[in-house]
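All chains are identified by letter, namely A, B, C and D, in their written order; residue positions are counted from 1 within each chain.
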Amino acid sequence: MKKIKVGVLGATGMVGQRFVQLLEQHPWFEVTEVAASERSAGRSYAEALEGRWKQPVPVPERVAGMTVKECKPGLDCELVFGALDSNVAGPIEEDFAKAGYAVSSNSKNHRMDPDVPLLIPEINPGHIALIDAQRKRRGGKGFIVTNPNCTLTGPTLAMKALDDAFGIEKAMIVSMQAISGAGYPGVASWDIIDNVIPFISGEEEKVETEPLKILGKLKNGGVEFAPIKISAACNRVAVRDGHTCCVSVQLRKKAGIEEAIGAMQQFRGEPQALKLPSAPAQPIVVRMEQDRPQPLLDREEGKGMSAVVGRVRKCSVFDLKFTVLSHNTIRGAAGCAILNAELLKAKKYI
Amino acid sequence: MKKIKVGVLGATGMVGQRFVQLLEQHPWFEVTEVAASERSAGRSYAEALEGRWKQPVPVPERVAGMTVKECKPGLDCELVFGALDSNVAGPIEEDFAKAGYAVSSNSKNHRMDPDVPLLIPEINPGHIALIDAQRKRRGGKGFIVTNPNCTLTGPTLAMKALDDAFGIEKAMIVSMQAISGAGYPGVASWDIIDNVIPFISGEEEKVETEPLKILGKLKNGGVEFAPIKISAACNRVAVRDGHTCCVSVQLRKKAGIEEAIGAMQQFRGEPQALKLPSAPAQPIVVRMEQDRPQPLLDREEGKGMSAVVGRVRKCSVFDLKFTVLSHNTIRGAAGCAILNAELLKAKKYI
Amino acid sequence: MKKIKVGVLGATGMVGQRFVQLLEQHPWFEVTEVAASERSAGRSYAEALEGRWKQPVPVPERVAGMTVKECKPGLDCELVFGALDSNVAGPIEEDFAKAGYAVSSNSKNHRMDPDVPLLIPEINPGHIALIDAQRKRRGGKGFIVTNPNCTLTGPTLAMKALDDAFGIEKAMIVSMQAISGAGYPGVASWDIIDNVIPFISGEEEKVETEPLKILGKLKNGGVEFAPIKISAACNRVAVRDGHTCCVSVQLRKKAGIEEAIGAMQQFRGEPQALKLPSAPAQPIVVRMEQDRPQPLLDREEGKGMSAVVGRVRKCSVFDLKFTVLSHNTIRGAAGCAILNAELLKAKKYI
Amino acid sequence: MKKIKVGVLGATGMVGQRFVQLLEQHPWFEVTEVAASERSAGRSYAEALEGRWKQPVPVPERVAGMTVKECKPGLDCELVFGALDSNVAGPIEEDFAKAGYAVSSNSKNHRMDPDVPLLIPEINPGHIALIDAQRKRRGGKGFIVTNPNCTLTGPTLAMKALDDAFGIEKAMIVSMQAISGAGYPGVASWDIIDNVIPFISGEEEKVETEPLKILGKLKNGGVEFAPIKISAACNRVAVRDGHTCCVSVQLRKKAGIEEAIGAMQQFRGEPQALKLPSAPAQPIVVRMEQDRPQPLLDREEGKGMSAVVGRVRKCSVFDLKFTVLSHNTIRGAAGCAILNAELLKAKKYI
């Protein structure tokens, strides 16, 4: 099979690097373009990184030598992955869509646009039908799909399994988030060693609203948001990778602990059915030890694409509570955007 | 004024050391006895520490040379502070009470005994009346009072202020707890560097039940528990001192953010009225910055005796949410037990 | 090829676990016995671990179910890997050797015995000839070989390359050592978060003497120690894995920076010639960036079996200085002992 | 006594904040001006900090409301403390000196100027005589004095005591430096959690040369550098404050361990004789425990102004080795510059 040419927008940043790393040796996609700010354009990718490659393996040699382009249409590829700062991502992604590119974005800018799918492919693969509306609006084959904020990915996967089985009415989510979520250089060591920072700008709003669109239903060519109330408190802790969330949920239909565990363990989605290359065998892994999940031990589960749930137990205020972990730069960012693109390819949108 | 002679039970452990440190230069109390396990008995306090003094200032010279005694009545003091492991604390404290000593304990063993006051002196100073029942039961002047688990101290102070003003119906508490809460050697560095541990044995039960007694009312010679539902999730993070809690509360009477902040800021208790030596000027300090409280920056507030609240805001599921921090080995342990003893002295129980 | 049956002594500890993990899927060896303290004996390996499995991958299923034995001869295997605490390792290893087992030990007890090879297989493979003397002494086919202390492995590999090329007269070594070097639970988090501990019991003596034996020459049936003076200062830092050492060396023959780098890069040993399964392609990897090696980025080089050198530069007191990193529980412990056993197998001692 | 008016240049940075904090309630000096970049000028100090006050106590109220000025002569003060970035410090400090101000700088720019004293007041107070040459050169009463790089302060104090007693010929220094040494935001948490960075730009050169000037002798109106060879390797570790150095020294005259310890313990300088306000009672504190100094436990010794030495022992290559710790932003920066100014005041240069 001839691989699909892809570009990475914002390729020198923390999430951009993850795209480059995860796409190396991808069976369907091949990075043919790396694009970044004007300052980087014209230099080789290796040079443009300026010593700031922060991934667990070296820069793929093939990409290291590529010339970085500006983030403007004209790139030699069919699909672009978006890892741009939200200060600039909005109009750039729109330009690419208008120019006929498929855009799979990690940026927040278009997530809540009515005709843009906000996708976790195990949860709402059907939302890709919104692409048709986009195409109509823009008048070409280009489109934008987005993946959600990194923090809510784990909780929303778990909530989906429970919502399908029992219905969810309310949820409280308290996060303990890794430093990689703030990019690089991101969180100063002076601020986080021996500390917790109980605030992450804009994060709680996303955690409270994005899941409602993801868990919503297609209706009249748009998404009807799920009738769930979510309250979130987001914290930064001294962990490298992996966001841990304590979640309490009020269900519409009572459920025992065992049933809830069963619902999560058995949960599978379209990516599993289609055997997409980046799909984990199990979207939700439930650990029975009393002290799991732990970011250090569980973040690489399913190559960083599984949500790991533990401590499923009765909540004395709501019905159930549990802890859920997901890898914030893989499942919560680059990995999810790649899985989105794989779904689109399987569904012939690319 | 002649100082009251006090002993410290379990004086070589982490909390015992805090007692020794905080009592040095206390205006009312003077450490005349340090007691610990059989193994330590007979050695000087300095020797018995075996290089494990873990406080921010050196061992007080006066105490360093004292001979460590066994934890049995016969100590030359009127009051003992209890910092024993809960495996052994129960009967030892009972023995001291029977022998006529006043016992101010940090151990969990007697906290839920019907006639033992579980005290946060700003909240339920009246509960010391239970001592009369104890004295009747045992037939002497000895008694036991306890301070609560370290994690709930901050949240319960904040809830008291809100409960007085608006009534609390339900609360969700998620903690991010410091390593000093596990004693020494306590948490292995291998377990916590670059990690979160989402479980602390027995902790959630305490956080869900002890506040109900503390916030309860005296009735028919006992405590009628407060009609509040609490759900807790407790986590360990890589912080040295200071437990941070995210709290959401459902109120009985609606309250605006400003009113809630006012209620907490203006909250004062008996220790402030009596000007007890260890009482902080303000039991609850409210910070208005969006990223406070932080353990690193706020744990020493009021010499470690103030709860620091921040991020008071609307909760989209309950009414209000906020973050509260308190120093776990001062306000949450030794400092609280000392404040309890000061109250008892002021009220002539000692 | 039929695999050689091997046992692990001290299989439940930190290094013992590494043996079990690294030997899983080994092409030549198969773990058939796990042995530990009396307390563990009789339980399954999974149970005996008591939740303390601390490796980056799960317990190998095949081993999890094995019954733990006591550390006494009678095990169904030909070779045992020693990961026992040095309080007990000495006589136990001697018993196994007497009973005819090959013992590849990570413990310090027999390292300096005159007829026991202290091996880094890239450096002194010829020292295995000492086994003949051992066999004569004990009168059987059993024997003991040891690997050195974890800290000196990296520096000694680098010094070997330089010693061969230019001769080394003196060396100063200052280490910054990972917490895993202290086993589990090992270093208390209270002692190391926001701290450096400038002392590790017994470590400096080993770093100053063991390399002299390793770099020594066989003579009259014993080892003549290398005529090098080494001074060491050993420190513990808040790093999970990987010991970093700053080394200054005085050479017998002057050498330029480029020559020194070349000598290290081109250095190869018998394990590379024999293509032993655990041998890294390059025993010494030299990084040219000014800020490498770093434990976080370089400890997995060569699957944890390569020493990574960087910052090779002039020393204004001696001739050269550089920084060298090696993985302390792989190259510096279990991995080295396995490589030793592979060498012995290739040389028909097993 | 009327206080001397002082200004702080670069008042919003990490070291500038330390100046503001340490000068609050200083018996001789009063901050009357805070100056910073053009961007900050015109705003109140509190605003200009933009939430980046990073000291252990709140911003002094008196200073919080001051209007930040540009770093140009015309400030209402007699003395300025320099905490500017070295990119801009050079000409600015020169301008202030020309305009008649006394400048006590922490920046590196003028440290090696022949007529600028590079001062550690316990070591080379006599070097202030160089000020006369400066005044002649510039033709006014203004002048510049500097304090050295933060890393070498502790080692140089210890070396001074040994040099006076026994003569030092050579020294090897390996540092483990705190993150605060890099300013704020400084070291990214992503780079240092679970890591060591074995390189700090420009640091080794300073550690190898600045002590030679400090330990040098006045001769013919200049400083004759001390005939000592120093080699340094500088590393960053995950410690908040306090630089720890392992030092080996070759002496000109043999010395026993006890003698060396005695020389360091008894060492006193002019600041102690003159009882300068910021002078610690003991410039060098020697700890006899085998595992000290530790940054966490010892950095506040003498209010952060004492060097703490431990592990004094034989070196098997040179004569002696030891570990020395000093607080990098107090003794190694702002505290030293203030002590310098106190000396100048006592000597009537201000």
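Going forward, a residue touches a chain if its C-beta (ideal position, glycine included) is under 8 Å from a C-beta of that chain, and two chains touch if they have at least 3 such contacts.
The shown structure was predicted, so the numbers you read here are calculated from the model rather than taken from an experiment.
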item: Distance in touch steps, counted as few as possible, from chain A out to chain D; value: 1
item: Chain located farthest away, centre of chain B as origin (C-alpha); value: C
item: Which of B-C and A-C has more C-beta contact pairs; value: B-C
item: Between chain A and chain C, centroid-to-centroid distance (C-alpha), Å; value: 41
item: Between chain B and chain C, centroid-to-centroid distance (C-alpha), Å; value: 48
item: Two or more partner chains touched - positions in chain D; value: 193-194, 238, 240, 291
item: Touching residues (chain side chain D, partner chain A) in the complex; value: 54, 179-180, 184-194, 238, 240
item: Chain D to chain C touching residues, read off their complex; value: 170-172, 174, 176, 194-199, 208, 229-231, 233, 235, 237-240, 244, 246, 248, 290-297, 310-311, 315-318, 321, 323
item: Touch list for chain A against partner chain C, complex; value: 51, 193-194, 289, 291
